[in-house]
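Below are two complexes that have chain A in common, paired first with chain B and then with chain C.
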Partner chain A sequence: MFDGGKIITGLIIFLIIITFPVWYNAVNGQAGERPEIEIATKDTPGKNECVLPADVMRTDHMDLVMQWRDEVVRHDDRTFKTENGREFTKSLTHTCLDCHSNKDAFCDQCHNYVGVDPYCWDCHIVPQDFEKGVK
Partner chain B sequence: MKVGISLVVIVLLTAIALVGAGVGLNFVFGVIIPYAAIAIFLIGVVYRVLKWAKAPVPFRIPTTSGQQKSLDWIKNDNLESPHNTLGVIGRMLLEVLFFRSLFRNTKTELKDNSKLVYGSSKWLWAGGMAFHWSFLIIFLRHFKYFVQPTPKWVMLLQDVDSFFQIGLPIVYITDFLILAALTFLFLRRVMDSRLRYMSLLNDYFPLLLIIGIATTGVLMRYFIKVDIISIKELGTGLLSFHPILPEGVNPLFYLHFFYVCTLIAYFPFSKLMHMGGVFLSPTRNLANNNRAKRHINPWNPEVKVHTYQEYEEEFHDVMKAAGLPLDKE
Partner chain C sequence: MGVDRRKFVKIAGAAALGLTAAPPIKLFSSETEEKADTSLCNTATDSCVCKPPEVDPVEQGLKKDPTRWAMVVNLGECRKHEDCKDCILACHETHNVPDFPKKKDEVKWIWKEQFSHAFHEVENEFGDEELNHSPALLLCNHCDNPPCVKVCPTQATWKREQDGIVMMDWHRCIGCRYCLAACPYGSRSFNYRDPRPHIKEINTDFPTRMRGVVEKCTFCDERLAEGKLPACVDACKYGCLTFGDLEDADSKVRELLHSHFTIRRKPGLGTQPEVFYIV
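Take a look at the complex of A and B:
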């Protein structure tokens, strides 16, 4: 007795499952496309620089907002000084979203791309949504 | 000694990846090695499984962990001692998903230097379950780096895994579990002298390699930040056959990735093939129906038989003449 037929069926099923990313990418045709983010204040004088250098922000912004939260909520320390001496209020809504007023075309663009959905907006207000009447 | 050699190999791999990524061999580490590793994996796995498929099915080995099906009024246990395909599937699922037979693990000890005692031992089972399930969930979560758009089920898995919402980036439960389980599985091998005696290079190396993968992954997520947008570009690029080499990705990522490629390429040559092999364990995948079904070995020589019917036909006239009783009349 041999079970070759069953084993080969199993092997084929395994190969189909393990190569899933290839099929999925081929069907959707979106692989390798970078998200296009809009910097709303790129050309606004005084607002054309982020609170930290852009390549640090790109990798470390989640740590920064968390640090801000802890400092505000635990130590009532609400002012952030950048290396070149500018001062910002440590706030998601009033600071990050003041310059990046286009959350849809900025934060969400990256986050949808890498599949994260920060739960911060359960409580924190997105001014643009608020104006539109979405709460 | 074998731990030592494994460690040396891991250190060498680390040096290769860090030096390579440092001097800008991104094309080698980001395109050539990954494709080579995937090719070795696919061809190797197919080759080994096809080789297994050529082996004849052995005689059924009933394991005595449940009542076999016999008379109608004797209650049988179709999961522990299945008599049909449904039962076999059930037993296989229990084995693959929950390590049923490892759950039966016992340990033997001499108590007070004279009494031999047997006790249940669930540590290996717990460590094994924690490791394998975490690995699977992490692997599936990683699909967000390989495909675009990110599928819904990956998001769901991620939400469940970050259930406790501790810190930011939110600590994944599986990250904690896999590191704890790997530490336990490694210490178990080196601390117990009997186990150390049995362990081979082939046992330490994959364990240390996976420890390396998990450690570099955890470092990237929580401590030394990397540019995930660019990494996803590289990942999806590779798996859609349009490789892209983003600039400025931290060498730590190339180290993580190189470890993974090593693991993938090493897979078909190693004990890791138990991923497929478990489905071919004769004590798990054959129903205990020896008495109900005849087993025929394919290598049995053909035996020439002469049945009574044939005998009677051949000697019909003679037998009749001698007055012997005949079946046919």
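Take a look at the complex of A and C:
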């Protein structure tokens, strides 16, 4: 092989650069880091339970929110009944954020970690941001 | 030694034939793949948020007795209070309607326009000068035959079957502005710019819109759902605005339509507006 040394050196440099994110995090000690979410709940008696079991919410909350959106906007169907018969208004900014009132420490933690940027907040308002005076 | 060219072409031909064979075999195979889309379901807990909801249309109010919301505007009374903007302010504050400094960016749900401009087909050159120059209160007419709905490519605007409201789904609007062109009443506005910085005081109970979305009056569907009257009707201290159900023979709107001569904007177009004016 002509110029074998140069080629192999080049390949090694290439591999180091392309795997930069992996070893950089490993060196920094961030490799195993997981988002730490704070489940902020308001002390509302009888409402300390989510509309669906936590593991379902963890995996499917985005579908639930989309489903609520379509039912409310397109079918004027605004009430959600849980399996044990409790009723909730289908509202992201009220029902969801009423309990999970800390969007920064709850929603954003995972969303930032997995690199998703939900466009809900382009229009929907986080009431707590206004209470805090942040616009 | 290896594959010669002749053999290579043969194998390539056979392989190509093999590739084309797959679709017909699939077509005639007895096994029909009718797998339900379970990708979104959580099999572990055996619950699925994506399954269609069991909605009783009657119970949910989707198919209650037909309702046809309408509004009667008493222009005679409204005209006396030319500077009053209570209804406009109430509406625009409730719905986070932005107030852009430049007229060309204007977004409006309910507004005042000179009578002779709004009702040019009944305008009379030698008619009552005062009437012609008086302001008329305008808003979305919630037409029975809405041209904006016909042109919307995404059904972001549609006529609600149960009560005739011409609704807007801002999630679905792609900002093509066909509806702006189709609406003969100028009831629709486009957000050419990000509206948020131009909203004086944000009402946290209602979303804002984003840049590139069309908006208009929705007869306060969110308030009607709570059993409230539209914000403009509530705000008018002179009682110029009457809101009610045309299907209900005893409603106030029917009574007014019976006892007064009313006009509608551009009736010749056949859009059948649901906003009536007592002149």
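Definition applied: the second predicted complex is superposed on the first by the 124 of 135 C-alpha atoms of A that agree within 3 Å, B and C clash if a C-alpha of one lies under 4 Å from a C-alpha of the other, contacts with A are read in each partner's own complex, and residues count from 1 in each chain.
Note that contacts are C-beta pairs under 8 Å (C-beta built on N, C-alpha and C of every residue); 3 or more make two chains touch, one makes a residue touch a chain.
Predicted model, so just to flag it, every value in this text is computed and none were measured.
In the superposed model, A:122 makes contact with chain C only, not with chain B. Once chain A of one complex is fitted onto chain A of the other, the partner contacts of A:4 are limited to chain B, with no touch recorded for chain C.
In the superposed model, A:36 lies in contact with neither chain B nor chain C.
In the superposed pair of complexes, A:14 makes contact with chain B only, with no contact to chain C. Contacts of A:59 after superposition on the shared chain: both chain B and chain C are touched. After overlaying the two complexes on the shared chain, residue contacts for A:77 are found with chain C alone; chain B is out of touch. Of the two partner chains, chain B is the only one that A:26 touches; chain C does not reach it. Residue contacts after overlaying the shared chain place A:87 against neither chain B nor chain C.
Contacts of chain A with chain B, set against its contacts with chain C after fitting on chain A, overlap at residues 55, 59-60, 63. Within the complex formed with chain B, the chain A residues making contact are 1-4, 7-8, 10-11, 14-15, 18, 20-22, 24-26, 28, 30-35, 55, 58-60, 62-63, 65-66, 110, 112-117, 119. Listing the residues of chain B that touch chain A in their complex gives 42, 45-46, 49-50, 52-57, 143-151, 154-155, 158-159, 165, 167-169, 225-229, 232-233, 236-237, 239-242, 244, 248, 276, 279-280, 295-298.
Only residues 52-53, 55-56, 59-60, 63-64, 67, 69, 71, 73-78, 93-94, 122-125, 127, 130, 135 of chain A touch chain C when the two sit together in their complex. The touching residues of chain C, counted against chain A in their complex, run 40, 42, 44-45, 47, 49-50, 53, 55, 60-62, 158, 160, 162, 167, 169-171, 202, 204-210, 221, 225.
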